[in-house]
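Shared between the two complexes below is chain A, which has chain B as its partner in the first and chain C in the second.
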Partner chain A sequence: MSNDARTDGGTVTEAGPGASAGLLSGLDAYRVLLYLGLLGMLSFFLIPIESGLVTSFKTASGVSGSLPFAPPTGGTFTFEKWRAAFDALGRGLINSALYAIPATVISALLGSFTAYGLTQSNWKQKYKAPVLALLVAGVFIPYQAVLVPLSQFWSMIPLQEWLGFLWALGINNDYASVIELIITHVAYGLPICTVLFRSYYKNMSDEMIEAARLDGASIRRIYRRIVLPLSGPMFAVVLIYQFTQIWNDLLFTLVLVQTESSAAAPIVLILAGLGTSLEGQDFALRMAGAFIAALPTLAVYIAFGEEFAEGVAT
Partner chain B sequence: MGTLELDGVTKVFPDGDGEIVAVDDVDIEMRDGEFLVVVGPSGCGKSTTLRMVAGLETISSGEIRLAGQRVNEVKPQHRDIAMVFQSYALYPHMTVEENMAFGLEEPTDLSDGEIETRVADAAETMGIAELLDRKPADLSGGQRQRVALGRAIVRDPEVFLMDEPLSNLDAKLRSELRTELQRLQDELDVTTMYVTHDQTEAMTMGDRIAILNAGELQQVATPLECYHEPANRFVAGFIGDPSMNFFPVERDGETLVGDMFDYPLSGSTLDDVGDVTDLTLGVRPEDISLAGDSAGDHTFSTVVEVVEPMGDENTVYLRFADAPEGETFIATVGGLQQVSAGDEITVEIPEETIHLFDGTSGEAVHNREIDE
Partner chain C sequence: MTRNTDTGDDSGDAVTDGGVAEDGQRSGFSPVAALNERFGSDFVESSQFWLPPFLLVGLFVYGAIIWNLLISLTDFTGFGTPDYSDLDLQMYSRALADSGFVDAAINTFILLVGFTLVTLALGLGLAILIDRNIRFENTFRTIYLLPMSLSFVVTAQFWAWMFNFNNGVINIVITSLGLGRVDWIGNPDIVLWAVMFALMWQFAGYAMVVFLAGLRAIPNEHYEAAKVDGASTVRMYWRVIIPQLKGSTISASVVLMVFALKAFDFLYSLVGGYRPPNGADILATKMVREAYANLNWAYASAVAITLFVMTLGIVGPYLYYQYNRGNL
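Then we have the complex of A and B:
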C-alpha cells in the first residue's frame, strides 16, 4: 500500500509543477474504471449482509412492506427478533462451544504432534511415507461417505454406560453426544491439521533442530521449547479453520444429536428450524438467529487475524 | 581427554537401486586440543564426515572414538559435542542469553546461578555481553556468528565441530573472525574439527589439514607440509592460490619431454622418478622467476598474455613462445617489476622447486627441496 502511494507521489512530481495538474493526471480512465469495479464488488458482497442486518431489526409488517435492503423506519423498528433469537439459541451457543472448542484445540495439538513426528523425528522415510499417505487420503474423504459408518460405530460404543458417573451427578445423558461430536471432529480434522502443520515444519531450519539435539535436548524437549513456540502462526490458521468447520457443521450433528429437542442440541440444529412454522417464515427472526450463530466464528477470526495472515503467508 | 579418532569411517547413501559412497574409509586421529581443518571441494564428503562425528548421520562402517570410547551408537545429545553451523542455527524466539543457556539446562544439573555465570563468562569471551537481551533477528551476521560460537563454548564440550562457520560473512569480517577463532581455540584448548572449502582458512587456521576428495582422504599433515610436500597431484593443485601449474611430460632418458619444452633432470631427481615414464611436472607460480637475458637448461622464452596487478605482486599469465594462444600457465612476480601483456620474456623454472607426479595415479614421486 505505502509503496503504491510512493510511486504515485513520484508520478505527481514528474507530471508537472502544479499539484492540481498532478492530481488530474493521476485520474486517468484506467483508475476510474478500477475504482468503479472495486466499488461494484464491494456492494455485491456487502448488500446481502446489510439486507440481513436491517431485516433482523424489522417487525413482520416492516419485512413485508419494504425492500429487503431498506433500513427499518420508526414504526417497523424492533429489537424483539434479536431477543427471541437469543432466547431460542442461547443453550445451543453453549452446547456448540462445549464440543467446538475442545475439538478444535485437540485436533490442532494432535495435528502438530503428528506433523512433528513426520518431519523432524529421525524415523525412517519408509515408515513415514505410508502414514502420510493415509493422512492425505483422509483429507479427501467426504462427510457424506462416513455418515452411515459413523452412526454404526457410535451405536456399538457403550458410551452411555461408561459415562454413568456423569448422569449420576445430575447431568442430562443427552450430553453423551457432545463427547461423540468431540471425538468425531478430532478424528475427521486430524488429517488436514497434520498436512497443514507438516508443510510448516518442513520449512523449519533443519540445522536449528540439529543444534538443539546437539545441545542435549530430547525429541520431546525440542518440541516443547523450540517447535511449539515457533508454531504460533500455523496454530492461528488451523484454529480458525477448524473452529469454523466444526462450529458450522450440520451433518455430524444431524447424525449424532439428531433432534433439536435434545438437551445437547448445538446451535446449527436449532437454527435450522428457527422461525419456520405452518404460518410461514419469520425472516427477521431467521436473520437475527443467523447473525448470532455466526458471531463466534467472526470473533475467532478477529482474535487470531494477525497471526493468521503471517501463517498463510508462510 | 578430548582425543578423537576416525577409524575406517565410511558413509554410503542409497541412490535408487545403487548406492553412493560419500565418505570412503577415512582414518584420522586427533590429539587432545588439536585444531584440524577438513578441506575439499564441495561434495567431497567433508560435511558428511563432520555430521557423522556429531551423530547427525549414521555410520555405514568403521568406528568413531571419542576419548577412547566408541560413540557410533551414542545419540548426538549424549556425545558432549558442540557444533557451529553455517546458518548459525540460532533459536529465533529466544534471546541471546536463552540461546546460550539452552544447552546447559536439561543435560546438566547446574543451578540457575551457575548457568547465569557461565553464560556471562562465555558472552564476555565472545564480546557479546551487551547483546544478551536481544533476539537473533536484531543482530548482524557477525554478531549472530559470535552468539553461535558462544553457545558452543558455554557448554565446555570435549570437541567442537564447525561446519563452514565463516562462509556467510563478508571478506573483512571473515578474516577478523578467523584470527579470533584461532586465538579462542588456542585459549580454550578444545579439540576442534573445522570444515571448510576455503583453502586460505585451511592454511591459516589449522594445526593440521585433512584434505578430502570424492570421499577419500588425500593427506593429513601440517599446512606447510601440504603446501611443500603434497602427497599427490590433487593436494598440490588444491592447496595454494593461485594454484600450481601442471605440465604433462614424458621421461626420455634424463630429460622430461613436454609438448612445448624439454626439461633436463639431474641425478638426484632421477633417482626419485625411478622407472616411471609418464609424469606430470608441477611448479608453483611463485617459484617461476624472470631470468632476464641469461640462458640455461631450465630457462624458457615465453609471451605474456595477461597481467593481473595485485599491488604487492603481479599474477602473470604466460605461454611458451610457440604454444597456441590461451594455453597459459601462471607466474607471480614482484609488484614493482615491469611486465605487460605482449612482452616476450625469459623465465626460469629452477629444478629444486619442481614437483613430479605419476601421470596415471597422481601420486607424488618427487617433491621440491626445502632449505632447512
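Then we have the complex of A and C:
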C-alpha cells in the first residue's frame, strides 16, 4: 500500500513539478501528492455515508433514476422516508437508551472497582496474575460460545414473576428483556472496562496513595478520596467506548429480545429488518433508518473523538 | 530448587506484613488473617472491589463456556431442557460430515486472514500519510476513524446500497470505466470478498490509530539516521520504520481477527435474516442460525466450541506473549 503510493509519487513528480510549483509556491509536488492521497482516502471513507445520506432524501423514482451519490433534485426530494423511518424506529431509540445508558454506567464503575482492586492493592502477583489473565481473555471471547447457555440461563430466571409489581403498574412485560440486556452487557463489558482502567491506574503516581496508606486510610477510603477523583479522564474514555459498543450491538438483542415486534425492541433489531420485504428493498427507507440509529453514536463520536480514539487504541 | 527459595521469600514477606496488622487487632486464629497471610496483606480488604465483578465475569463467561461445552455433548434440540445423562461427541462428528459446516469453517478462515491483511495494509498506509507532518491532521484522522463508531447494522445498510446491482456506487463506477456490472452480493464466488472490502472500510481507521501510536513512539533520530545514510523514503520505511512496528502489528492483528470472527452482526443485517448470502456463511452465522432458527441447540453449541477453539488459538499465544513482556 505505502509502496504503491510512493511509486506513484515518483512518477508524477517528474511529470509536473513546474505546474504545481507555479500555482502553489511553497508546496512541492511531493506535498501536493500527499494531500491528494489524503483527500482520496477521505472520499473513500465518506462516499458510502454520503451516498446513503442523499439517497435517504429521494423518492422511489429518484432512487432508481439518479446517480446514487448525486443529491436529490426538485421533484425527487422528499422527507417521507425519514418520517417513515422515525415512525418505525422511534420507540427503538427509547428502548435502546433504556438499557444502553445504565449498562454503560454500571460496567464503567465496576470496571474501575475491579482495576483498582487488582492494581493498587498489595497482594501477591503470583495470585493476581491468573485473575487478571482470565479477565483480559474475557475481552476476546466470541459471544457465540456463550449464547446457548445464556438463553438457557435467562429462561430459568423467573424475572417475569420478580418484576410483577412493574407489570401491575401498567408497564408491558416485554420490558423484562431490558433488565436481561443490562446485566448481560455489564457482564460481558466488564473485561474491557477493567483492562482500560488498569492501563490507566498502572501509570498513576503512587506517592499520594502511599502517603494515605501510612496515615492508615482504608482501601475503600483511598479509592473514594484519591483514585476516583483522579479517574475522570479514563471514565470519559470508558463511558464513550462502552456506550458505542452496547448501543451498536445486535447479537445480544437478537437472542434476548428475539423479535422486533416486542414492545422493548432495541433500535438495531428493528433496523436490521427495515425496508426488506418480498416486493423488494426500499433503500431510501433503509438509509434514513441507518442514520437515525447511528445518530446517538455519531453525536458522541463527533463530540468526543479523542476519547474514542484512545479507547479503541488501548 | 530455585522455585522453592522464591516462594519462601514471598511468604516470608507476607507473614511479616500480616503479622503486624494482626498483632494490633486481635489475637488467636482468624480466617481473614490466614487468607491475608496466604495471598498478601490487602487480599481480603481489596476483594470487595474486585471479587464481585470477577465472579460475575466468571459466571457469564467461563461458567457459560463450560455449560456450552456440556450442551454440545448432549442431543438437545427443540423446546424443553437438555438431557445431561447421555454425553457423547456425536455433534462433532455430525459437524465434520456437514458440508455446510466445512464451508463455513473455510470461509471463516479466508475472512479472518484476508480481512486482517488488507486492513493492516490500508491502516499502515493511512498512518504513514497522517504522520507526514500534515495540516488538518485531526480532521483527517477523525474521518478515517468515523466508520468504526458505527454499528455493523448501520454499515451493512450502507454497503447493501453500495453493492446494489443496478444503482450501487461500485457498479456505477465500474460501468463508467467500461467494465460490466458485477453481482457483488448474489455471486457466491465474490460475496465474501465484497464483505471483506466493506469490513476493511469499517476497521482500517482502527488499524491506523494503533499504527500511528507505534510510529509516534519511534524516536526521531531513527528517521534522521536513515536520511543521513541517503536512504529513499520508501527504503527508510521498509527497512527502518516498519520493522519497529512489530508490537503494534501484533496487537492490531489480534483485535482485527476477533472482529472478523464477530462479523455476524454485519452479515445478519445485510440480508435482514439468519441466512447470509450464498457463499458468505461463516461459523458465527451458522451457529446462530442452527440455534435460533433451527433450534438445533446441541449442534449449535458444538459449532460454537469450534469457533471458541479457533479464537483461543489466536488469543492464547497473544496473551502469553503479553504476559511474558509484563504487559498484563
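Worth pointing out:
Note that the second predicted complex is superposed on the first by the 270 of 314 C-alpha atoms of A that agree within 3 Å, B and C clash if a C-alpha of one lies under 4 Å from a C-alpha of the other, contacts with A are read in each partner's own complex, and residues count from 1 in each chain.
Quick note on the criterion: a residue touches a chain if its C-beta (ideal position, glycine included) is under 8 Å from a C-beta of that chain, and two chains touch if they have at least 3 such contacts.
Since we're looking at a predicted model, the values are computed, not measured.
In the overlay built on the shared chain, the residue A:229 is in contact with chain B alone; chain C does not reach it.
Contact with chain C, but none with chain B, is seen for A:244 once the two complexes are overlaid on the shared chain.
In the superposition on chain A, A:149 makes contact with chain C only, not with chain B. Once the two complexes are overlaid on the shared chain, A:305 sits against chain C while remaining clear of chain B. Shared-chain residue A:46: touches chain C; no touch with chain B.
Judged by the touch definition given at the top, the superposed model places A:218 against both chain B and chain C. In the superposition on chain A, contact of A:168 is made with neither chain B nor chain C.
In the superposed pair of complexes, A:210 makes contact with chain B only, with no contact to chain C. Legend: residue contacts after superposition of the two complexes on their common chain; A:29 is shown touching neither chain B nor chain C.
Taking chain A as the reference, the larger set of touched residues comes from C, when chain B and chain C are compared. In the three-chain superposition model, chain A touches both chain B and chain C at residues 218.
Only residues 54-56, 75-79, 81-83, 85-87, 89-93, 102-103, 106-108, 151, 155 of chain B touch chain A when the two sit together in their complex. The part of chain A that touches chain C in the complex is made up of residues 1-3, 5-7, 34-35, 37-38, 41-42, 44-49, 51-52, 55, 63-64, 67-69, 110-111, 113-114, 116-118, 121-124, 126-127, 129, 131-138, 140-153, 184, 186-188, 190-191, 194, 218-220, 223, 244, 247-251, 254-255, 258, 268, 271-274, 276, 281, 283, 286-287, 289-291, 293-294, 297-298, 300-302, 305, 308-309, 312-313.
Within the complex, the chain C residues that touch chain A are 10, 14, 17, 36, 39-43, 45-54, 56-65, 67-68, 71, 81-82, 121-122, 124-126, 128-130, 132, 134, 138, 140-162, 164, 166-169, 172, 201, 205-206, 209-210, 213, 233-234, 237-238, 254, 258, 261-262, 264-265, 268-269, 271-273, 283-284, 287-288, 291-292, 297, 300-301, 303-305, 307-308, 311, 314-315, 319, 322-323, 328.
Against chain B, in their complex, chain A makes its touches with residues 205, 207-208, 210-218, 221, 225-226, 229-230.
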